[in-house]
Amino acid sequence: MAALFRGSRNLLQRCNKQHVDLALVCSRSMASKTPVGFIGLGNMGSPMAKNLLRHGYPVIATDVFPESCKELQDEGAQILDSPAEVADKADRIITMLPSSPNVIEVYTGPNGILKKVKKGTLLIDSSTIDPSVSKEMALAAEKMGAVFMDAPVSGGVGAASLAKLTFMVGGVEEEYTAAQELLTCMGANVVYCGQVGTGQAAKICNNMLLAIGMIGTAETMNLGIRLGLDPKLLAQILNMSSGRCWSSDSYNPVPGVMEGVPSGNNYQGGFGTTLMAKDLGLAQHTATNTKTPVPLGSLAHQIYRVMCARGYANKDFSSVFQFLREQEDEPEKKGD
Amino acid sequence: MAALFRGSRNLLQRCNKQHVDLALVCSRSMASKTPVGFIGLGNMGSPMAKNLLRHGYPVIATDVFPESCKELQDEGAQILDSPAEVADKADRIITMLPSSPNVIEVYTGPNGILKKVKKGTLLIDSSTIDPSVSKEMALAAEKMGAVFMDAPVSGGVGAASLAKLTFMVGGVEEEYTAAQELLTCMGANVVYCGQVGTGQAAKICNNMLLAIGMIGTAETMNLGIRLGLDPKLLAQILNMSSGRCWSSDSYNPVPGVMEGVPSGNNYQGGFGTTLMAKDLGLAQHTATNTKTPVPLGSLAHQIYRVMCARGYANKDFSSVFQFLREQEDEPEKKGD
Amino acid sequence: MAALFRGSRNLLQRCNKQHVDLALVCSRSMASKTPVGFIGLGNMGSPMAKNLLRHGYPVIATDVFPESCKELQDEGAQILDSPAEVADKADRIITMLPSSPNVIEVYTGPNGILKKVKKGTLLIDSSTIDPSVSKEMALAAEKMGAVFMDAPVSGGVGAASLAKLTFMVGGVEEEYTAAQELLTCMGANVVYCGQVGTGQAAKICNNMLLAIGMIGTAETMNLGIRLGLDPKLLAQILNMSSGRCWSSDSYNPVPGVMEGVPSGNNYQGGFGTTLMAKDLGLAQHTATNTKTPVPLGSLAHQIYRVMCARGYANKDFSSVFQFLREQEDEPEKKGD
Amino acid sequence: MAALFRGSRNLLQRCNKQHVDLALVCSRSMASKTPVGFIGLGNMGSPMAKNLLRHGYPVIATDVFPESCKELQDEGAQILDSPAEVADKADRIITMLPSSPNVIEVYTGPNGILKKVKKGTLLIDSSTIDPSVSKEMALAAEKMGAVFMDAPVSGGVGAASLAKLTFMVGGVEEEYTAAQELLTCMGANVVYCGQVGTGQAAKICNNMLLAIGMIGTAETMNLGIRLGLDPKLLAQILNMSSGRCWSSDSYNPVPGVMEGVPSGNNYQGGFGTTLMAKDLGLAQHTATNTKTPVPLGSLAHQIYRVMCARGYANKDFSSVFQFLREQEDEPEKKGD
């Protein structure tokens, strides 16, 4: 799906229906190479900020870890000491943080963004957090006259470096174009999902279905192999049939079936089990809060939790295939 | 994947490596319009037999239900009284039966195929049964000098009528061409899977992964809707992301997301919950016998069992979406 | 386990090690018939407050529902308008509220307890909520010089009326005696569990294991019946063997096996499915927060969620037996 | 429940309603110290046969392993070469074999019991197998004029040595007394369950509920510990509350909570994970065959399957607690 792009005429038409400060919105969007704030320079945030720099945007950044700041500074970013200071200097800010408490602190803490944010500022949070926290932040931002959008990403550190991330964006639709302008520097797909929180919802839903598909594929491949099927042939059959899914045709967990995926590299790199468990915990949390039954999603979450406890925390999440297989050091396994 | 077809030169070369009666094999395959036996004229068997007739094969058939026999007779088939009598008249026989006990009876029972089967007969069983039963039948057939292959199908009654089934074939590779000749009259895809039993294995594996994908898709769509996402948009996002699977992009369980699928027709038709539960029971059985852990497959089986007990037995298996949703007559559902 | 009781000498010894205001503690405990505040007069709170009245304690109460207040007023309680007002008049307060947000509001809201609470006040929260919220409230109370303990209950509305509840208490051990004095008016068992939050932890753990035991018993009884066992005999066998649990020997879910339990009364009364789902959601939440794998507890939660959606919301939680059984209106259920 | 014992007058009264050969039944029961056949001298069969010898019964035995035979021979048993030979010499035979195929072979194989069994012989199978196989054997025995009962045991090798097993007996009620006479030499509890197959059903049901209770207890104890509860205190609370079950009060899986159980001995001895997985596979099989939904039982089965694959095959089944806990060699486990 190509990136969606709407031109400035469209924006002006939309501006006319706005409730926010029109002048600030238009001035922000047209003066596009004004500095962009970036808070959170970790594995994902750092390559994302670099891509903004590459597109000619001055970047004003901060992070709790000095080494991460230094790296960005070498690339040309200006480093400040706190989120509040960044908010004082930039009217568009992107945040990329590990979890809800970090987001709450960076936005509403004593030295947080909202302490000094200017009216009309566009705040884009690309962290993956509970959608209800995104909604809280949006309300808090609105009180300060700023606009908050959730725009979590899919694609991992590789896609972050190559500017091939997928962004799932939630927030007031009139701000979407302005967000897109920045996000298209860092991603290949930018999708508008609806009101604030729906970006998180889309991300969480995708990852729950991904986890179910991956574990299902691992179980199925393992069963087929035990029943005498050649793994490559089985994968071909699944991929031409109704069992087909991304995990079977693009990220097969069985070593030797596909090249260029973690199963062919001892499950190194990729998307770690710990991170998948975290996302599944978020999915479970939102499901409980909305009283939605998610039996397979719930069990997928538990399986990844057990894997974290059994030595698989840092392996790619496709290592579930290995987890379900018998360990070689169990000769007595056939003893029943 | 297009139907595989290997020519007669290939067959002759393969014939030279045979252990079965060469003369019978070659004479069987080359005299291709000799009568074909067909045992089991139910929802699937009947349209399959009709497609053989349409391709110019005389069909000699039998079934325990006289009405099914009458229907095929009207189409030009010759009806006999038992599997043994069919075996006496045809040297290629296809069986399409509901379950393992039926297969055991039709092949090895008092009036079964093997009572009168002729040496060199090709037996193709398209029932979906336990692969170990297929292997038993193959051994029993071998003792009588006949050849047995398992060739279960995928695609349902619609695909059966339109001759668009997928056949997953297991058995001695040298017989595959002869089987193909017949199967390509009834299906669009014919795949060789390996030794006897691997056709069943492939079918069972595909359906287990399909069930996991369908329930996962239903849970995910339901969760997304509850979190404020538009269902069509969510499906689009999943289908362009790593959550993509056949259930989300070709058979979406949410009414209104896709046309031409059971969710748009009150879950009528399609592939029934009872049939899916049966296949999942087979998968569980083979998993237990090979000591293979299948946690999601196991839970998918249980979910479909509960659905069978709660009024969903005859609905399409995508009705799991409806099953997980709240019933309208529960105003107090939000009362926690 | 009999109620634990420690004498005043013990209390004085403990007082000497205190960090709280000794004078207030001692004066509170010794002048035991001073008014007790009670906030939350629902199905549980109302009979609990009545039991305090019966033991000669003046009760000063409030609730958001006027009818609940009226009922207590008729029993002799003094009704005030807000938690803050209650805190102004009583130095021992019990709260019994539905969930975390209610607790947060009642304690820290604009008209909350902590707005007017007096130094040294003993606050006992008998709601079942997230232990981390209990800890938050304890910290907030400590800042105001008050002491907070969590003391969730087990036993249901019947036990509440009969003053036979079990209280699981968490908080500073020195306050336990003072809490006991009040709790023994309302319960038969009072257990000290540890620091603040451990009372909630014990309650949540018990209910998770209870749910697992109840669903397990329902599955087992159903399976046994289908395999030809008489239900009463099966229950006897389980109860003398290693399958024994409270659900099989004290609350059997199969009609006719035991008297005096909801299964004998069409699953009316008892402990509702919705409430069990709520407690299991809390268990799942704490498990996720501590990265604890709880596969069966997680699935039990999902089963109760589905039951809430399928018409079982207000039935006793032992109705899971009925949920797993086949509905009578499914003649084709044996048709696979 | 004390062992049931019915006197000879009762037996004579029952004899009058018999369909079997009265003379043989009465003569068999009254000449009680006639030789008893015993087939299967493994971990369980060997101590069971020894207890028969201790009660003064001559034992005629066989087993496929010569060493097992030798051991019994030293204790005074007469060893023969095959089940058929044993059947030729004894009119009461007990079998104790690992699984269904073994039972089918020993009873109906070329040198099986039924090749030489005498009319009126009482056959007691104490193996734990599929109840439908027990029914098959009963039918086959009936054709030869013999009587077959299933009497699987509970209690393990310790109880076998101490003659404290529990026998769950299925078969024609008139034969029960004769069976009891022998079984009370080897067990402390003998229970009549109903027709043939119900003994197996009771055993399978008990072990499914036991597995659910054990995993549930392990999850619950682990969660409570992580939430700050002392394990011994938590166990006490569960055991006085509705969470109570045999696994929490008689076989607690947490080291240090109870003495004299495998958790206190590094999970050595006891009832192995592999054996529990086998029993759960049987339960799943019977559930599938009767279309009974068993979601928790199904998941318990999968959890024990994964444990077998992950190094826990020979540990006591309470080692699930250890399996769910974090391994010490994972410092990054808190890194999410």
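Residue numbering begins at 1 within each chain, and the chains themselves are lettered A, B, C and D in the order written.
By our rule, contacts are C-beta pairs under 8 Å (C-beta built on N, C-alpha and C of every residue); 3 or more make two chains touch, one makes a residue touch a chain.
Molecules present, by chain and UniProt name: A, B, C, D = 3-hydroxyisobutyrate dehydrogenase.
Bear in mind the structure is a predicted one, so any value in this text is a computation, not a measurement.
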| item | value |
| --- | --- |
| From chain D, the most remote chain by mean C-alpha position | A |
| Chain centre separation in whole Å, for chain D relative to chain C (CA means) | 40 |
| CA centroid of chain B to CA centroid of chain C, Å | 52 |
| Interface hub residues of chain C, defined as touching at least two other chains | 277, 291-295, 299, 303, 306, 308-309, 324, 333, 336 |
| Contact graph of the chains (line, ring, star, complete, other) | complete |
| Complex contacts: residues of chain D adjacent to chain B | 277, 281, 284-285, 288, 291-295, 298-299, 301-303, 305-306, 308-309 |
| Residues on chain D engaged by chain A in the complex (per definition of touch) | 274-275, 277-278, 299, 306, 308-311, 313-314, 323-327, 329-330, 332-333, 335-336 |
| Contact footprint of chain D on chain C as seen in their complex | 1, 131, 154, 166, 168, 189, 191, 193-195, 197-198, 201-202, 204-210, 212-213, 215-217, 219-224, 226-230, 233-234, 236-238, 240-248, 250-251, 283, 286-287, 290-297, 299-300, 303, 324, 333-334, 336 |
